[in-house]
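Same chain, two partners: chain A is paired with chain B first, then with chain C.
For the complex of A and B:
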């Protein structure tokens, strides 16, 4: 997130671009150059639309031609069949695009990674064949000589430049707003680590959907204006692979996930391609595509992050960034210590929970009652089903059988972000950080659940960092932290929405002796603040010192439960289920 | 029913014959995706290069005319494999390897963008380079076989397609045996399964990827050579097959070679059977619909495994 001053600087830059384009339009004499200028602007809008979804959230779309094409056909068919002026039809395209995006997104967001990208590829191409079949091979917009302006038909091509420029400025402003809001932050979190975002209480599905709908609306609007400018619409020219490819190539060239990348890409590549086509197109018919291909391969080999990021890195290296003074952490917000219930009422109750993967019974009729307040430990060897248990509790997996109740209400069928909202925080065995965000931003993501506004979110995040004693590292990039700091940061992120129950997944694993003591102190502090802690580990040593209640999980079944001393002494249980080695460990731990 | 049982059997047999060449190209793509996890947009364009290679070996330069009009095109299709293999080797060595491979896979985000854009770039270069070199006029490899048919009952079986079927199935079987039973093939599979672990086992993963990539495009080129005897083509033809290939590979389960083969076969059958109920122009739309259905209902495909670990 940027400061207000930085956002304002970008606003001025947008204004600067607008003025420059207007001047350019006045200077350029030939209608042909004006047309190229219009195309640069329109393709930049499409690429920005692509960037809104794919650049920020990391969900690559190979199918933005679907929206572009629907926009173009909305305008063309509206004019031909309904005598509808583009002045009305183009704004209407935004609705068409958003609705199409919702229809596409609803099923497609069940997929991730390669599968999402491939599925998106299919939509425009399937639509292309349908439009061919419907007989819309080539639509020409009817000429309206009497009321040309009313139908957006101008003899002066500069007016098209201005229309496209208006659309571009609007899109840039939308992107800037998204970038610097909770919306953009949520998308960035999704891009860097979706499960962590979901577990931190972000409704990932909703944000992805909003991004796609916004993106579809913008792309369809640009497609509508493209139809007016081009005058002729064919299925290949608006639904074709080249449209989808262009959207992402321009952004990749300029810099993915940046405000200016798509515009830079369009400004360089579109005139280059057009110019080559005009100069050499008759002798070498495909020269435009060849040079295009070579250009993007070169850029990826030489500056894979895109022109914008490369230049930015160069500049910031030459002029070392002024060290950001660590922001003062406010006095920690005291958490009202929840009175420990006199009767050991149970906050989390699992009854007969089971789940299978293929033939493997990962959890087999687990009954577990975690009393409110206190530290509850579960140990078990690798593969015992510990992480699966947590995934079932916090909603990543839904169990095949059994029930789960939290504070008296069933948890079954809730998505992870809803579970988080109910008051269950969790950490991961392999720390799921957002590696390119600062520590503070990582924690702020967790704060969105409970915070009324962004300022409150930051306040809560600072307080949480203070609780885990990590305030001094708030401005460090998460990618460069030590294991101990990462664990603490994740703890803070889970802590910030004030959970009533914390699930800690092997938080102690891989820590040295000195680090261990610090983290144990933090965990004990959580219990003393009234948070129930459920922790899983596969090493017994630290656990015996730490927890109040203790269970042993093996092969998906709970095989012992009780006070740690009691369980530990139950040699037969441990020997039978965990092997002799464990008995040794217990003896060492008991000393 | 709007069609007779003869129509049905006719479409089914045509689907199996066409599907066998699809199956072979899917195997090619499946090897690449399975071992490198790269979405190769240029796969269809390597197919196109294979078609032209076979074309020039027979009709164009007439090198293989001594083999006669029946055997010539088959040999040409098989020779298209090594030619495109060599092309793939060079492109991997100088371009693709720079953005793929074991160390790049670790880089989060940036690596994936690089691969996509590089294969897109290759696709643009091959397509449009093909336009410059080969021209835009559609062409084809004429064989007497593709104009004659065997009659079995009421069903006509195109002889050219039957021969292609045999060659395609034999080639796919050869590849399958190679991957399963040779030292090199096992190394490729190990590198595909877990490139990190394979490095520790002393397998040169970059070399394994280069072989997988070249082999993948080469096999697809053989399929292209076979298809070239049955239909006309131009430099942009590759695109029609990209979707066929991805649909087949996804249907079979990303990463499974055997799955890719069956997936491709099923896609061929779906495409031909769809003509029974849908207008001819919509047969590719039928493939898309099947493709989407697979992705939603069973994304791990027929032979794939679903695995995710938190």
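For the complex of A and C:
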């Protein structure tokens, strides 16, 4: 997240770019150069639209031509069939794009990663054939000899430059706003670790849909203006693979996930390709494709995230690393310890919970009653189903039998972010950090679910960091933390929305003796503050010291529950951990 | 006694006179020799590069012929020059090429191109606004339906082609076999040209010709498998098959599938439309026996009276035979030359007027096209006969109109 000053700097830069383009349009006398300038601006807008979804959230789309083409056809058909002027049709394209995006997003966001990208590829391809079948192989925008301006037909090509520039400036401002809002943080969190974002209370589906709809609206609007400039619309020219590829390549080249990347990419690659095509197209056929290919290869080798990030890295390395000034932490918000309930009510109740993965019964008839306030341990050998149990409680998995109740209300069927909203926090067996964000930003993501506004979120985050005694590392990038610091950061993130129940998955794993004491202290403090803690652990030794109650899981079944001293001596527990042979040895030794 | 002395003055005078004498032809030459430029925009790279190159070959041959014969006579023997731009493989590139050409060459008097109908549409959006007269062999409906004043289409419209092709093919069949076909099968792709061609047929054209379509299959290129199409043909048994494919690989698939189903080699008469049906490339991938007898209607094809020209073209370019592209490249250049001669000035508006007023039946331009070179107010040619060509022994030869054909037609039958 940027400071206000940084945001303003970008605003000034946008103004600067606009002024530069206007001057360029005035200086370039040739209609050809003005046409190329218009095309640079339009392709930049498409690439920025792609960036809004794919650059920020990491959900790569290979199908943005679908929106571009729908926009182009909306304007063309509007003018041909309804005599609708593009001045009206182009804003309408935004609605067309958003609706198309919603329709596409519903089924496609069930997929992730490569599958999502491939599925997105299908949409423009299918739409291309639909439009061919509909008989729209070649549409030309009718020439309006009278009242041309009313139909966005100008003899001076510079007006098109201005129109495209207007669209570019609007898109840049939209991108800037998104980048510096909760929207942008949510998308970044999704990009860096989607399950963590879900568990921290981010409604990932909603943010992804919003991003796609915004992206589709902008892309369709640009496509509409493109139709006005080109006059001829064919399915191949607006729904073709090359259109989607261009949106991607420009952003990847220029700097994916950045404000300026797409514009840099468009400003370099579009004139380069056109210039090469002009000079060498007939002598070296296909030169444009070759140039694009070489550009991609060079970028992958030399600047994998794009020109913009590379340049930024270079510039920031040159400056001496300023010492990380510890933030002035405000007074921590004290959590009043919750009084123990008069009747020992159970905060979490599982009855007969079971789940299978194919032929493997991972959990089988698990009954669990976690009393309110206190430390409850879940222990068991590898593969017992402990993390699966947490995933079921958390909402990542759906049990196929049994019920789960939290504070008296059923919990099944809720998505992880909804479970988080109910008041359950979660940490993971392998820490799920947002590696490129700072520690403070990592924790702020967890605060969104409970905070009224961004300022409150930041305050709550600072308080949580203070609670786990990690305030001095607030500005460090999460990717560079030690295991102990990562565990504490994850604890803080789960803590910040004041949960009533914390699910800690092997929080003590990987810690040395000194680190262990620190974390144990934090966990005990949570219990003292009234939060119920359910903790999974491997090692008997640590657990026996820490918890009030115990459950032992083996092969998906609960084989013992109760106070630590009793459980440790339970025969079946010893068998599960040490084996029958040792049971005999113990008995012989006891004699 | 007077004697000539080499005074300074006389030397100076002498030098001045010599200089003047030397300069004279230079001055008059500069006044005489200028060049007049025309343009060609066509795909020279990408999937349609070959077509663009053939157009270029024809145009360059015409330029050479014109300049060798003395250039543009009404402009004092000015040389004719061709400027070329590559339309590439997309409508965006075609438009950029046209815009670039116009920006670089403000003195163009006219031009032709861009082979593919959607490219022609893009290019002419630019040339119309620049008031540059433009000739084209493309014929999709949109080209002359826009109310443009500077577009001149030398190919007959799709409507006209469809209206001419079917009845003539039936006449041919009747003359050759004594029977008039009653049923027809149609296999086509859904690109612009076949769609424009088939629409009037479905809208009553077939009925008017007394034909019943028993197979009507439209596919989206590229064709993955011709089996379902040909199976329908085999079970419906039409009297002849109308084949409207635009891509050669699709044509190959259909022909080979017909052969597989024992419907080729004369069993089922085939009628196509469009110059790609006579391309030499077909012979490289399809057996000449499968092509034998394939009849196709085309806007322009080498005719009688052009033998000399055909030979010169073949020798100059090494092509196995002349096709529509080379012929139109040559013909369009000659039309522009004729317009220049009539206009008497290297000004595009005057050239456009000259083309509109044109009615050529003789001369090198008229010899390149069947029918008179005369355009209506939409830019379409009036009363243009369709040419039919047929593959005979591995060469597609014109077989109709009978008085100008290079070969006699036959109707394949078993």
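Assume the second predicted complex is superposed on the first by the 569 of 591 C-alpha atoms of A that agree within 3 Å, B and C clash if a C-alpha of one lies under 4 Å from a C-alpha of the other, contacts with A are read in each partner's own complex, and residues count from 1 in each chain.
Heads up, the rule we're going with is that a residue touches a chain if its C-beta (ideal position, glycine included) is under 8 Å from a C-beta of that chain, and two chains touch if they have at least 3 such contacts.
Keep in mind that this is a model prediction, so the values were computed, not measured.
Colleague: Does chain B (first) or chain C (second) touch A:133, or do both, or does neither?
Modeller: both
Colleague: Thinking of the overlay built on chain A, is A:286 touched by chain B (first), by chain C (second), by both, or by neither?
Modeller: Both partners, chain B and chain C.
Colleague: Looking at A:274, would you say it contacts chain B, chain C, both, or neither? Reply first, second, both or neither.
Modeller: In the superposition, A:274 touches chain C alone.
Colleague: By the touch definition at the top of the document, which applies to A:39: first (chain B), second (chain C), both, or neither?
Modeller: Only chain C is touched by A:39; chain B is not.
Colleague: Answer with first, second, both or neither: which of chain B and chain C does A:305 touch in the superposed model?
Modeller: first
Colleague: With both structures placed on chain A, which of the two partners, chain B or chain C, ends up touching more residues of chain A?
Modeller: B
Colleague: Is A:230 contacted by the first partner chain B, the second partner chain C, both or neither?
Modeller: In the superposition, A:230 touches chain C alone.
Colleague: For chain A, which residues lie in the overlap of the chain B contacts and the chain C contacts?
Modeller: Residues common to the chain A contacts of chain C and of chain B are 129, 132-133, 284-288, listed in rising order.
Colleague: So in the complex, the part of chain C that touches chain A is made up of which residues?
Modeller: 44-46, 49, 84, 86, 88, 90-93, 95-97, 99-100, 102-104, 117-118, 121-122, 125, 128-129, 140, 142, 146-148, 190-192, 195, 220
Colleague: Spell out the residues on chain A that touch chain B in their complex, using ranges where they run on.
Modeller: 58, 60, 107, 110-111, 114-115, 117-119, 121-122, 125-126, 129-130, 132-133, 191-192, 195, 241, 245, 248-249, 252, 256, 284-290, 292-297, 299-301, 304-305, 387, 391, 396, 428-430, 432, 435
Colleague: In the complex of these two chains, what residues of chain B are touching chain A?
Modeller: 37, 39, 95, 98-99, 108-110, 112-114, 116-118, 120-125, 127-132, 136, 235, 239, 243, 246, 250, 254, 279, 281-282, 284-285, 288-289, 291-292, 295-296, 299, 309-310
Colleague: Which part of chain A faces chain C closely enough to touch in the complex?
Modeller: 30-33, 35-36, 39, 129, 132-133, 135, 137-140, 142-143, 145, 155, 230-232, 234, 236-237, 240, 242, 274, 277-278, 281-282, 284-288
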